[in-house]
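All remarks here apply to the structure that follows.
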Amino acid sequence: MELKLNKFTKRFGDTTVIKDMDLTVASGEMLALLGPSGCGKSTTLFAICGIHKMSGGTLHFGERDVTTVPAQQRSVGVVFQNYALYPHMTVEQNIGFPLKVQKLSKSVIKAEVARLAELVQIGDLLNRRPAQLSGGQQQRVALARAMIRKPDVLLLDEPLANLDAKLRLEMRSEIRRIQRETGITAILVTHDQVEAMSMCDRIALMKEGKIVQLDKPENMYANPGTQFVAGFLGNPPISFLPATAGETLSLGGNQTLARPSTLDAQGDIVIGIRPEHFGPQHGTGLEGEVIFVEPQGREDLIDVRLDNGGAICAILPSGEPVKLGQRVNWGVASERILAFANDGSRL
Amino acid sequence: MNTNSRIWHLVVILAIFSAPLLIMYVFQVMDSFTERRPDSLWPGELDLSNWRFLWEKIDSGRPSIWVVTFNTFVFATTTAVAVTSLSTMAGYALSRLNMPGRPYFLGGLIMLHAFPTITLIIAIFIILQFLGLFDSLLGIIFVKAALELPFGIWIMKGFYDTVPWEIEMAGVQDGASRVRVWWELVLPQVKPGLAALLIISFLSGWSEFVLPLVLAPGSSTQVLATYMNAVIQDDATADFGLFKAIGMFYSIPVIVIYLLFQKQLMNIYGGGTKG
Amino acid sequence: MTSRFLGITFLSPALVSVILFFLLPVLLTVVFAFTNMSTSTGIMGGDYRIIKDQLRSLPDAGVSNESIEQLETAGFQITETGLAALARNFSADTAEELGRNYMGETFTARRDLERVLRGLDDPIRKTRDRKAAADLFAVTIMGERYDSEASFRTALASTGIDTADHDALVNVAYTGWTWTTDNFRLLLELPSTLRYAMNTAFYVVCTLLFNITFGLFLAISTFYLPAKLANTFRAVWFLPRILPPVLYVLMWSWFTWDNGFIATVTGWFGVPPQNWMMQTSTHAWTVVVLINGFVGASLGMILFSSAIKAIPTSMLYASEVDGANRWQQVRFIILPQMRWPILFMTSYQTLSLLTSFEYILLATDGGPGRGTEVWALAAYHTALNNYGGNLQYGLGAAYALVLVVIGIALSALYLRFFNFKELLIKPRIEQ
């Protein structure tokens, strides 16, 4: 079911947290709401599920206007960050609760619970209580409870934040699998860009209550609309350097780079270079000293202080003989340089 | 070694200070069961005549102990149930429900919680006379329950505040009304609070003395506190054996509850008055 | 919408009882303090009558001597209405005969009329009946009850008393309560007022000091004891908090009275038995402070113990590593952390000690003499229990009003302990 927010505004007292946000999520799509802490992700989510009232704007599920419909009648499934399982009920009762509220018969509920338990693969845990489950298992129960009503929309508020690294990886693909299998429209709230990029069809990147870019993950990475987007996506992060655009890009201290062919700005700008676009494989061009080496197993992260004072990060396959304090002269894939005006907009 | 001996000093000092209480406890129990010579502290023979109030009237015109016990029980349980149920509802409203004037209700609650209710007893005395509830169990039940309410609401609000919001949000999202969420999802989380409040307000009702004394002085509405006080007042010979036996009988429920729930009670009294 | 409605619904039973038993009593305490309500005036309003005892005070009320004379001497007169009543209640013949012979005649004393009634041809024989029959002809209003002002005035008019005196007589005759500020004047004039205030101050300060120092001592010393021992002592001290006050005070009475523990032990050394509680005011104060102090100290112990437990153990370990001894640890680590609990305990206990009188009532009942009578107990004695039997609700309410005002002021102060901003946080589900 398509979800459409139109000019959504949210105020708490006098402070406006979100102003005139437009957002459309296509039917069957999984969209990530990504952004730094406090940017209004949860607020948006609470407005969609009806826990918060909207201060302005409209919300449609398909053709249905649900702007003022109470949460109970919205048909939205939510998975909360701490799962919010009912501690006094068994797994079976937890998953079945939404149907019990609808006064369905015991046998129907039992069958549905079994179906959902199958889907999230917890069929053998039905008689346990939440306290007797691991984090990942609780997560699955929460997912099953959110899905059992066959909701129009599934909302996930940082569902992986409380899991350890390995489980997080596992649940990432699980949630994606379940979303694909059921074809449900889903919104995932997260501040982890890897999660957003690996799980979702599109990402809405938010900053201070506004969506700054809405795009497919790979587009957003390769083609960020602003310096903020470029800086937010990518790990290790992109390196920004001030530059003067003329014949070439002059970085000061007689370090220069070739202009990307698409750039037609002149004067003071900021350039962004992703780690994978800097290194010995790209020839030579920037001279500096290695100030930090962080082995990550398959790759090494290397921080280089340029002779003009700027710092830049490279990522190299591990085993490259790079040592702390070593002087290097590495090149940049100049066509991949991202250029920004001083106000952060993309050039 | 050094710390040990210092701990012994501490124990001795504490023991000296605690001695009056310990002596009182020991003789409270002992004297109710034995006949002691007046000038001796050594227990005499086992003697159950102090407990005669259980099977006969100790003097004419006094109601039977069983009627009095029944009154006390009714008084304590009804107030406890009333306080607990009203606090359970009001505490939830104040903790969780979005309603007009909520900050003022909360501020008022804090003030009432601290306000010394006993100063109102003269006015309440006259109100009860107006309402025709003077000298009736019903009257003191109303008054006691009302006076205990701020404390109860405060305690319950504290318990509700610890229930994660997400549980309620999940319930609302699962399609349950707020009442249902409260009854089916939140209430089970605050069961310990309910039990604690029930116990505390029962104990408080069971021990209550001034309200029945002033507001229900008649002999048909006597409770154990006023009964025992009347026996002590009317007896010129200071028959402590009898008084202590009545006291033992009176405090049985208190002691039982104390032995069962000592830890929890200390926690509540420690945290409860702290607000 | 629904949540508002639900909130009000959930709150309203509590709200009703709070209004009925908190707000209304506060208001009424103010109202009653400005009345002369007492047992003799009743609380429902009164009726109108003048009795013999009041005659002497009438000149002070401005009633002329002539009118008083009239009130006193007006007696019995044979009238048509009286005769009709006589015919109805006794016999028509008697009434007819009386009317025929004595119509219009007056008698100052009932005895004279009774003699006439006995002397008739058709006499009334029984003494009791004669009395009743004579009363049918009474024209005086002395001793008569009238339930409204209007009927009293009509009766006054029928006696022919000078109308100038009517208003004064109505005032005197009214038996119900009236508005007055006398209570406060009395409070200011009575020497006992100052005495009770001093008693209260003494009592609160002493008990508070005992509670706090002793509570701290208990909390800190049990903190250093091995768990088992500490729990035993805590249990011993916690019990007085939940024991019924009547029993708790009884144990103290046994401990201190002349056939109790102290008297028995001192008796072995030849000290004659005496009441260690009521002997002198000093004795009484000591016992009263101890009784309240032991209960208060146990509250202090619980509060302070949990505050000590909240001190991070790393802080205590660190101080031990620094070579601090136990005393220094207490002085420099624990006590500074106790500032808020002590402040809280002080304000909370001040309020409850100022206003509660249960333990004193049970122990000394304000005695010996009025030695341990505190303000709250004085209010109780004045309005709810005294030996004279005339309970002065109005004056008692004036006493109580002082406490109510202090109570409101202090509990408003108590509100300051709380972060009021926190109260303004909105519930997170906006329904």
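Chains here go by letter, A, B and C, matching the order in which they are written, and residues are numbered from 1 within each.
Methods note: contacts are C-beta pairs under 8 Å (C-beta built on N, C-alpha and C of every residue); 3 or more make two chains touch, one makes a residue touch a chain.
Predicted, not measured: the structure shown is a model, and the values here were computed from it.
**Student:** If you tally the C-beta contacts, which comes out ahead, A-C or A-B?
**Tutor:** More contacting C-beta pairs are found at A-B.
**Student:** Measuring from the mean of all protein Cα atoms shown, which chain centre lies nearest?
**Tutor:** So the chain sitting closest to the middle is B.
**Student:** Report, in whole Å, the distance between the mean C-alpha point of subunit B and the mean C-alpha point of subunit C.
**Tutor:** So the centroids are 23 Å from each other.
**Student:** As a quick test, compute the distance in whole Å between the mean CA positions of subunit A and subunit C.
**Tutor:** 70
**Student:** Taking each chain's centre as the mean of its CA atoms, how far is subunit A from subunit B in angstrom?
**Tutor:** Taking the average C-alpha coordinate of subunit A and of subunit B, the gap between them is 56 Å.
**Student:** Counting only residues that touch at least 2 other chains, which ones in subunit B make the list?
**Tutor:** Touching at least two other chains: 169, 172, 177.
**Student:** Provide the list of subunit C residues touching at least two other chains, using ranges where the numbers run on.
**Tutor:** Answer for subunit C, listing residues that touch two or more other chains: 2, 426, 428-431.
**Student:** Mind pulling the subunit A residues that touch 2 or more other chains?
**Tutor:** 51, 71
**Student:** Which part of subunit C faces subunit A closely enough to touch in the complex?
**Tutor:** That would be residues 2, 426, 428-431 of subunit C.
**Student:** Inside the complex, what are the residues of subunit B that reach subunit A?
**Tutor:** Listed in rising order, the residues are 164, 166-167, 169-177, 180, 185, 188-189.
**Student:** Please give the residue numbers of subunit A that touch subunit B in the complex, ascending.
**Tutor:** Residues 49-51, 71-73, 76-78, 80-88, 97-98, 101-102, 145-146, 149 of subunit A touch subunit B in their complex.
**Student:** Hey, which residues of subunit B end up touching subunit C in the complex?
**Tutor:** Going by the criterion above, the answer is residues 6-7, 10-11, 13-14, 17-18, 20-25, 27-28, 31, 38-41, 86-87, 89-90, 92-94, 96-100, 102-103, 105-107, 110-127, 129-130, 142-143, 145-147, 149-150, 153, 165, 168-169, 172, 177-179, 203, 206-207, 209-210, 214, 224-225, 228-229, 232, 238, 240, 243-244, 247, 250-251, 254, 257-258, 262, 265-267, 269-271, 273-275.
**Student:** Considering the complex alone, what residue numbers of subunit C touch subunit B?
**Tutor:** 2-4, 6-8, 10-11, 13-15, 17-18, 20-22, 24-26, 28-29, 32, 37, 43-44, 214, 218, 221-222, 224-226, 229, 233-247, 250-255, 257, 259-261, 264-265, 267-268, 290, 294, 299, 302-303, 305-306, 326, 344, 348, 351-352, 354-358, 361-362, 376, 379-380, 383-385, 393, 396-397, 400, 403-404, 407-408, 410-412, 414-415, 417-418, 420, 423-424, 426-431
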